[in-house]
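Structures for review follow.
Across the two complexes that follow, chain A remains constant while its partner is chain B and subsequently chain C.
== the complex of A and B ==
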């Protein structure tokens, strides 16, 4: 099959995209790598700063903490709605699909704004609670870490749903029938048969969500209000507020290396089709 | 089958999740009708002043036109490149397919902020050589968006290709069809719904793109998300609520078209 066509024809089809991404993405990335070693002065200074500067360190730890919380929250929530999407009645399935896909295709800015409309001092929740007389002062729900976690979880749930739902769909119905035939209760079938069969999908989902959460900066920038800076937002701030290109570049390089290792180790759990819904 | 229908507990949890997913989109609607100048829930009387502001301030219209132009350009580039690449992978099954696909998916898995720096580097470098494609130009933004959205187009087109029956291509080959005939007369007609979906969704992704756009524009190429970002950071302008309501409607319509295309595709292939 492969040998029959001259190589030149294969190249005609494959080369344009490879060339395009090579020139417009890989080569410029090497430029960023160079920045990390040359700005403001040649050497490893920026990488040294990365591992010693207490501010950078605290941002790293906050990022890790937020990413773990967001991953756990979005996986749990995604599992419930994926279950209904895969195994519900046809009306339930349609409703679930609608609730998953509509937010997925709405811009990250609109969604972050939506959460401001919900959580800010004069937003929906505080207005309701105040008019109901439950609270007198508005609760601080946005412009802090809580707001960031809520906004990111909302953004990432659909990404967690796709691999989980795909794992649920591939479960052999007969296994569940067998468990039932042997007298297992519904709860027992769910926890000891169904859930373990979806571990692959759960790991894939955790990986996708964690990696995306790590590199996120639009939602934290809007819902964190500068008080809960995460690593990607730090890159943005280092470039646009305190021009420090070298450190921004060095953080970028470390992020790429870290994510590259993570994905290489776990690549069998990820299917590209899960990334686009 | 009965044993695995969703029970009451999971239905309650799933309903809560569904509400969580839709809430922020719904909350935008009342805010857009507030009579106040700041983000707030309207109390009593409603006002259309923030919708009026979208019309009165020419910046909104200009940014919408710019985003449309950039979206069409980048979606066309991405879809064309992704179609060729997908055909190459499907027809030749080259030895390192998985590696090649992994490579073209890079902009999708690399953190957006890193892609943004990378494309900033590209744009400033290009600006040193010409005035047309580079930092803060619409062609530059179109090029950068094409880089970011191509992986999505590739995935969608590969998914469509893997559903094509290989035997029809083998039959065409057996009858002596040339490479071009096989590609254009046999394979592409079979994935045209996949290509249309890829073009549509690539357009939506470019239309919404903000991460990279923030880094490569300043005063000239203000796309719609860029303009929204400026109104969102510090003092929130409720005009953002009005434009958000319109965007949610547009997205819902485009999703409807996508489902329609896919239904037709499914109906035709049966």
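== the complex of A and C ==
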């Protein structure tokens, strides 16, 4: 059916979405770009500040560090979950599906507060450890970078599971049998055949998680307690809580360009269909 | 992992399967199968899909455990030895090459698993690449190769570590006719060169007859007959084997009587004499004759030939041979295949004599 439609008609079907994206994102973003070059005075002053201001620099580096750690942690755990989901027994598969989908359906805000209830000084973990006599002073688990990383990793694991599981599903079982028949141990098959055949999924998962993590706002704001500000929160603070709109706009532009480059890279490595499983 | 002392030893193995059975739930995939695979032979497991031939190959490989029975290799019980410790070469349907490794790396894999030195690996891989005619393709990924080339990589990878047994699961099913014949010759040559025991699974009877030193015919999970290609083709033990191995004419006989090493019966009031190749029970049987063993003539025939009258219904031209479709007086249909040069095309509706030498017909029971 789709084959019979001329290209112009197909574009017509996309028109409502394009119109919405244009009006709601592209036009306002052009305004943001304009601010970054004109506020408070015309020129490249804000971009200069962006690369010299120690506060902005520290937020950039923190964001990068958190995103890298979160990506590594999410990928590791997602790999294990995807493995059980794809290759486990039927009970294990159901359990894995439950663990992937249930958090997926719960709002990011609810989950951030949930982790706060677990990790804060008077939260579940500290209370339990103290009452068991293992520690006397509460551990600093929330309102710092650690809390942010835990919350973000938990949120992002499902997004990493889908592309990894998709790559695992497309492995030909006979290839693994062939390796066994040639005398390879399970460990060797896993590291020299299975894992390399999932590299595509891993790269896709890494890019998705990393790009997502770069723009995280709610989770760092709640679990970081204002002490580990990430770049999205910095933009918010600049625009809404200070008159410094120009710097906020310049940070946004740099972030969008950086993410654009990452997405372009992602297109080179994997087909979009692989991302959804 | 118990290291077998035979790793890397090119000595061919002999395998005895003793009363192997395999059930999947209520389904009997294999029933009480006993088969001796001789050292260095080329054994083909032949049968329609679902006949149990692939299940048996998977049991030989160690990927599937039999429900009952034992497997003995060179006098040693290997029933419970896992696939990775049997170290047989295997060529899978669809080749199962490692898609992320180059031709060279694919072939080197089993050698790396065995911890060979890199100099040794380089030498062996080089030899194998040359032997299967893949020189110049060493650095390519499997996806960049044609079907025939992938097949060669699969063969090289399965043979490079000099396994005592090579198992092949329908390796040619994805190839076109010309390439298939080329690869068949290639496999035959590799068998002669390596001297390894080959066990080959196929559902293609002409492939089985062309390649094997022996053919084992399977149906419904049972091993029906094992023998040299000529034996199973010309002296099939039952009707399924006779029909599965190629087209065959079946003439119901009455008043069957046995005369020494010959049997004789009546078909449309003519006496048909056949070789007695199997013990007969009862007095009903069919005469079975291959289409290429019959000839069409005008009535003159010697005493050592059987002859019946037929009417020609049509002919199919195959180039080198022509196949005539005929019908006997009482309506039994026959096919006769003759070299095209030996005869001018016979027109439909012509009445003819069909004859065949006494020694080329055989008896089959009516049932089964």
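As a convention for this text, the second predicted complex is superposed on the first by the 255 of 277 C-alpha atoms of A that agree within 3 Å, B and C clash if a C-alpha of one lies under 4 Å from a C-alpha of the other, contacts with A are read in each partner's own complex, and residues count from 1 in each chain.
Rule of thumb we're sticking to: contacts are C-beta pairs under 8 Å (C-beta built on N, C-alpha and C of every residue); 3 or more make two chains touch, one makes a residue touch a chain.
Computed from a prediction, not measured in an experiment: that's the story for all the values here.
By the touch criterion defined above, A:87 reaches chain B but does not reach chain C. Once the two complexes are overlaid on the shared chain, A:237 sits clear of chain B and of chain C alike.
By the touch criterion stated above, A:183 is placed in contact with chain C alone, chain B being left untouched.
Applying the stated contact rule after C-alpha superposition, one finds that A:216 touches chain B and leaves chain C untouched.
In the superposed model, A:49 makes contact with neither chain B nor chain C. Within the superposed three-chain model, A:196 lies in touch with chain C and out of touch with chain B [touch as defined at top].
The partner of chain A that touches more of its residues, comparing chain B with chain C, is B. Judged by the touch definition given at the top, the superposed model places A:175 against chain C, while chain B stays out of reach. The intersection of chain A residues touching chain B with those touching chain C, taken from the two complexes, comprises 177, 179-180.
On the chain A side of its complex with chain B, the touching residues are 1-2, 5, 9-10, 12-14, 16-18, 20-21, 24-29, 31-32, 35, 77-78, 80-81, 83-84, 87-89, 92, 95-96, 99-103, 105-118, 120, 122-124, 127, 154, 157, 173, 176-177, 179-180, 186, 189, 194, 211, 214-218, 221-222, 232-233, 235-236, 239, 248-249, 252, 255-256, 259, 263, 272-273, 275-276. Of all the residues in chain A, the ones that touch chain C in their complex are 172, 174-175, 177-185, 188, 192-193, 196-197, 199. The touching residues of chain B, when paired with chain A in their complex, are 1, 3-7, 10-11, 13-14, 16-18, 20-25, 27-28, 30-31, 38-41, 81-82, 84-85, 87-89, 91-95, 100-101, 103-122, 125, 143-144, 146-147, 150, 152, 154-156, 158-159, 179, 201, 204, 207-208, 210-211, 214-215, 225, 228-229, 232-233, 236, 240-241, 244, 247-248, 251-252, 254-255. Across the interface of their complex, chain A is touched by residues 1, 7, 61-63, 82-90, 92-94, 96-100, 109-110, 113-114, 157, 161 of chain C.
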